[in-house]
Amino acid sequence: MVEAVGLGINTRKRAAIAFYIALLSIGSLLAGCQGRERNGIVVAGSTSVQPYAEVLAEEFAVMYPESSIDVQGGGSSAGITAATSGTADIGMSSRELSEKEQHLWSKEIAKDGLAIIVHPDNPLRSLSLEQISLIYSGQATKWSDVGGSSESKIHIVTREEGSGTRSAFSDLVMGDVEISPRAIVQDSNGAVKQLISDDLNSIGFLSLGLVDDSVKALMLNGVKATKENIINGSYGLFRPFLFVVNGEPTDLALEFIDFAVSEQGREILSTEGLIAEE
Amino acid sequence: MNKDTISKMVFFILALSSISALALITGFIFIQGLPLFFKVGFANIVFGTKWAPSQGSFGIFPMIVGSVCVTLGATLLGVPIGVCCSIFLVEYCPASLSNLFRPAIQLLAGIPSVVYGFWGLLFIVPFIRNNLGGPGLSMLAGSMILGIMILPTIISISEVSLKDLPRQYKEGALALGMTHWQAIYSVLLPAARSGITAAIVLGIGRAIGETMAVIMVLGNAVALPESILDPIRTLTTNIGIEMGYATGDHQQALFATGIVLFVIIMILNSFAQYIARRK
Amino acid sequence: MNTNDKTIEKIAKAIIWSAALFVLVILTAIIAYILAKGLPILNWGFLTQIPRNMGRSGGISSTIVGTLMVTAVALVIAIPFGIGTAFYLAEYTKESWATRLMRFSAESLAGIPSIVYGLFGFIFFVISLNMKWSVLSGGLTLSFMILPTIIRTSEEAIRSVPTTYREVSFSLGATKWQTISKAVFPSALRGITNGVILSIGRCIAETAAVILTAGTALKMPTSIFSPTRTMAVHFYILAREGISMENAYGTAALLIILIFLINVVANAAVNRLMEKGR
Amino acid sequence: MAKISIKDLKFFYGSNEVIHGISLDIAANEILALIGPANSGITTLLRSINRLYELTPGARMEGEITLDGDDINASSVSITELRRKVGMVFDIPTPLPLSIFDNVAYGPRLSGNTNKQDLMVIVEKSLRLAAVWDDVKDRLSEAASSLSGGQQQRLCIARVLALEPEVILLDRPCSGLDPISTTKLEGSLEELKKDYTIVIAPHNTQQAVRVSDSVAFLLMGDLIEAGPTSEVFVTPKDTRTSDYITGRFG
């Protein structure tokens, strides 16, 4: 009994020390290896592009089982920053590159419409660009100001500063007019959609590919927000989905981008609701 | 070299590394954030009301107001309930119930803040929207969620400070003919004051620092709020929402936001130490 | 006792009881809701499968592994440094302005919001040191975050060890190191462990500090250089983007169970360790 | 030659002088009792013999203490060696938060003795010498704190004995004990005297009479009188001594 007590402490302590040393050496061993595995790349950025990139990556993995592609969100500007700094191998953007970003290599994989959405029970069916701009600048505060019947206040929902969707919306709809600071800011497409589907008096904008029954896409000057109308030019709210790389893409990154713009890749994106036709 | 010298050196090196790490993060934040204060001007940042980093406006005054208001709201809701609850646990609670209560509060302290935020989004936000009006995402919703989140901190620390009081305090008060409540109110609570204050300060610290839960329920608008039903943005959510995008001045502006938070926490902490020393 | 006193007594009692009931109801509402929605989701497949389709289907195995890896890295770094620093502060230094400054800064840094650590970790580890989104970046960020807590709780535990233990040990001819390792450390173990448990809980529940340091990749992490997504981040993204409420609840339920288990197991372990001594 | 020789000892806490130059010789194998009212410097004197005072910030001694003729403050002296030679028992029972066995084995283990059989022999011998073996022999692996106060204090003596010291310092070892425990403890002192030099601060003058061979009376940091117990108590030379031992003050 007595011996057991003395022994117990020592072995336990030794075991703990040994375990710790083992952990540390595993750590340094791993640190010794050269970075991440060669067959892996990180694709990061726009939460609008992310779901489609996920699908592409899954299909890509079927063809190249050895490869490993990590798709992450973060937002368009984050993706471009990440590609610039090398944090990500490919950045995803749902807006055009700005002047400062022109030095980056980019490839458009598809176009996506931008839908103006409201609650499904909202009687409003169509708005003009000017009306949307009035709402978002905070000048039109009630539904009746834009032809609606309700006297309720409009709850404007926008995306955060840096979002590609917001930036595309600003360029296409607002021009030089600023979005009201009173607007509710949500940090992802999903959050915007959830909020609009809950709040009868809210209005927001969303990637057309993500619109489903829980929200209603408004017509623009009476033109429905559909793929066809974007292709034939009657619905003007759309932006490119870009893959961005710092310098010419190589190896796996190049293969993945080539896959995305291959016939198979375009077909996948098209089925998912994007405009990926040549 | 004997073991004593070696161990002292090892401890010294460990301490030095830790302190360097702490200095590194403090220094890093200040080095990243301070240049913007000089470039744009201190007043334009701290008292500026327009936040549009892409256009070079970095006013975080609405966020400071947001942080203060939400925290104040959380304190108003959480402190009375929390302190009452700690009185209950020490003075009124039947033993059978306290065996259920304490572990539950411990568990509540460990629940990820995102779960609170989500719960608030599911129940509190629609409740406010349907009954009080507005978009629901609001200062009030944030205050309520934070008020709940700081309960475990407040309850457990004030409970300890009430429990640690010498038994003679209560016995003496009762022997003077006070009722139970009079004994609590005029003897026990004042005696436990410094502990309860510490609990409140810690709770405030937690409320100011919370990010993910409030991103979900505050609405994050960058304007000064006009009522408690308006969406607002706090300092932490400002960093949380835009952190991923930030480059250049925008990034520095987020670090500047961090500096303001840092200073607020320092002030709170100094206040807490002052209270503790007065005890 | 006059009637007035009696009324006040009754009112006070009613208020205190209702406050307590309110807390209990809220507690149950949150925990029960998550568990009721989440427990049915938890099954072997959910725990062992990799998330598919952005987490819409499949399980959450990679996020469990990611959480454990990130937490382990944070602890392996923060525990020795934190406890070592605490011993240095409590046993090797005289009270001076330098120790007071160190204590004040540890105290202040313990109160700094986790998002500030996240911002620091993102810019410093991920971008400046080019460690990219990885288990290592996330773990390092978390270790910085919990370091002040571990220093503070450990120092408090060491200081509350009765001086007589040290005097006895020295009077028996122990050296400083022997006194610290054989008399002070075992007595401070409970307090130190409590601080560590607290920190483990914080690591597991943390979202803001890891989302942009460990990343949001869903693949199974293969080394500490792989990007990964922790369970709390997974829950946030699933719920925020409205990807899959079922899986979000399942993840949250598992998180709650995990945190509960850590509390129970660690407490039991410490109690068994201490039984011998007291 | 005296076992311990104290020459012109002055002691300071910061700038506050609490012992004002004491000289005293302690012979081998005798029990010396240090008597005097509170704040006389008795505990400080005891703590300067094994240099435990060094743990107290701001504490400082002047003068010389020799053990077997060697200056205990000489730089060549190992402080841990010194403390193993000069064991100490405190005024309250101070079991470490370990088992009974581990408490007694604490000292021997420090000097590198980890052999179980050896330790067991030492532990049993020490516990027997301290007259506590019969109380604890069946519960050696239990927590030391589970013992009664008297048993704990005798355990602490056993813990010192396990070091095989030359001198034992006892600082009011019976202050928290009941009469029965005190009697047992005093009985073991009589036994220990054969092998050890003992300096005790008794908790009252009666105990000094009962156990000591010689006695030293300290008052406010001054040594008033020292000599064989029988002489000091029967024919005190100083009126303050007689006032103290007859209970006029203290």
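So that you can tell them apart, the chains are marked A, B, C and D in the order they are listed, and the count of residues begins at 1 in each.
In this text, a contact is a pair of C-beta atoms (placed from the backbone, for glycine too) under 8 Å apart; a residue touches a chain by one contact, two chains touch by 3 or more.
Here the structure is a predicted model, which is why all the values come from computation and not from measurement.
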Self-check item: Chain pair with more C-beta contacts, A-B versus B-C
Solution: B-C
Exercise. Kindly work out which chain lies most centrally, taking the average of its C-alpha atoms as its position.
Key: C
Quiz prompt | Identity of the chain that, by mean CA position, is farthest from chain A | solution = D
Quiz item: For chain B and chain D, what's the span in angstrom between their mean Cα positions?
Solution: 53
Quiz item: Roughly how many whole angstrom separate the Cα centroids of chain B and chain C?
Solution: 17
Practice problem: Indicate the whole-number Å distance between the mean C-alpha point of chain A and the mean C-alpha point of chain B. | Solution: 31
Quiz prompt | Averaged-CA centre spacing for the pair chain D and chain A, given as whole angstrom | solution = 77
Exercise. At least two other chains touched by the same residue of chain A: list those residues.
Key: 5, 74, 187, 191
Quiz prompt | Residues within chain B bordering two or more other chains | solution = 216, 244
Exercise. Enumerate the residues of chain C that touch no fewer than two other chains.
Key: 80, 175, 178, 212, 240, 276
Quiz item: Mind pulling up the chain B residues that touch chain A in the complex?
Solution: 50-54, 62, 125-126, 129, 134-137, 215-216, 219-223, 230-231, 233, 241-242, 244-247, 250
Quiz item: What part of chain D is in contact with chain C in the complex they form?
Solution: 50, 52, 55, 57, 80-84, 87-88, 90, 92, 94, 96-99, 106-107, 109-111, 141, 143, 145, 156, 159-160, 163
Quiz item: Tell me, which parts of chain C touch chain D in their complex?
Solution: 94, 163-175, 178, 182-183, 186-187, 274-278
Quiz prompt | Touching residues on chain A, where the partner in the complex is chain B | solution = 74-75, 77-78, 81, 153, 155, 160-163, 178, 180-187, 191, 195, 198-199, 201-202
Quiz prompt | chain A-touching residues of chain C, taken from the complex the two chains share | solution = 52-54, 72-73, 76, 80, 126-127, 130, 132-134, 212, 215-219, 222-227, 237, 240-243, 276
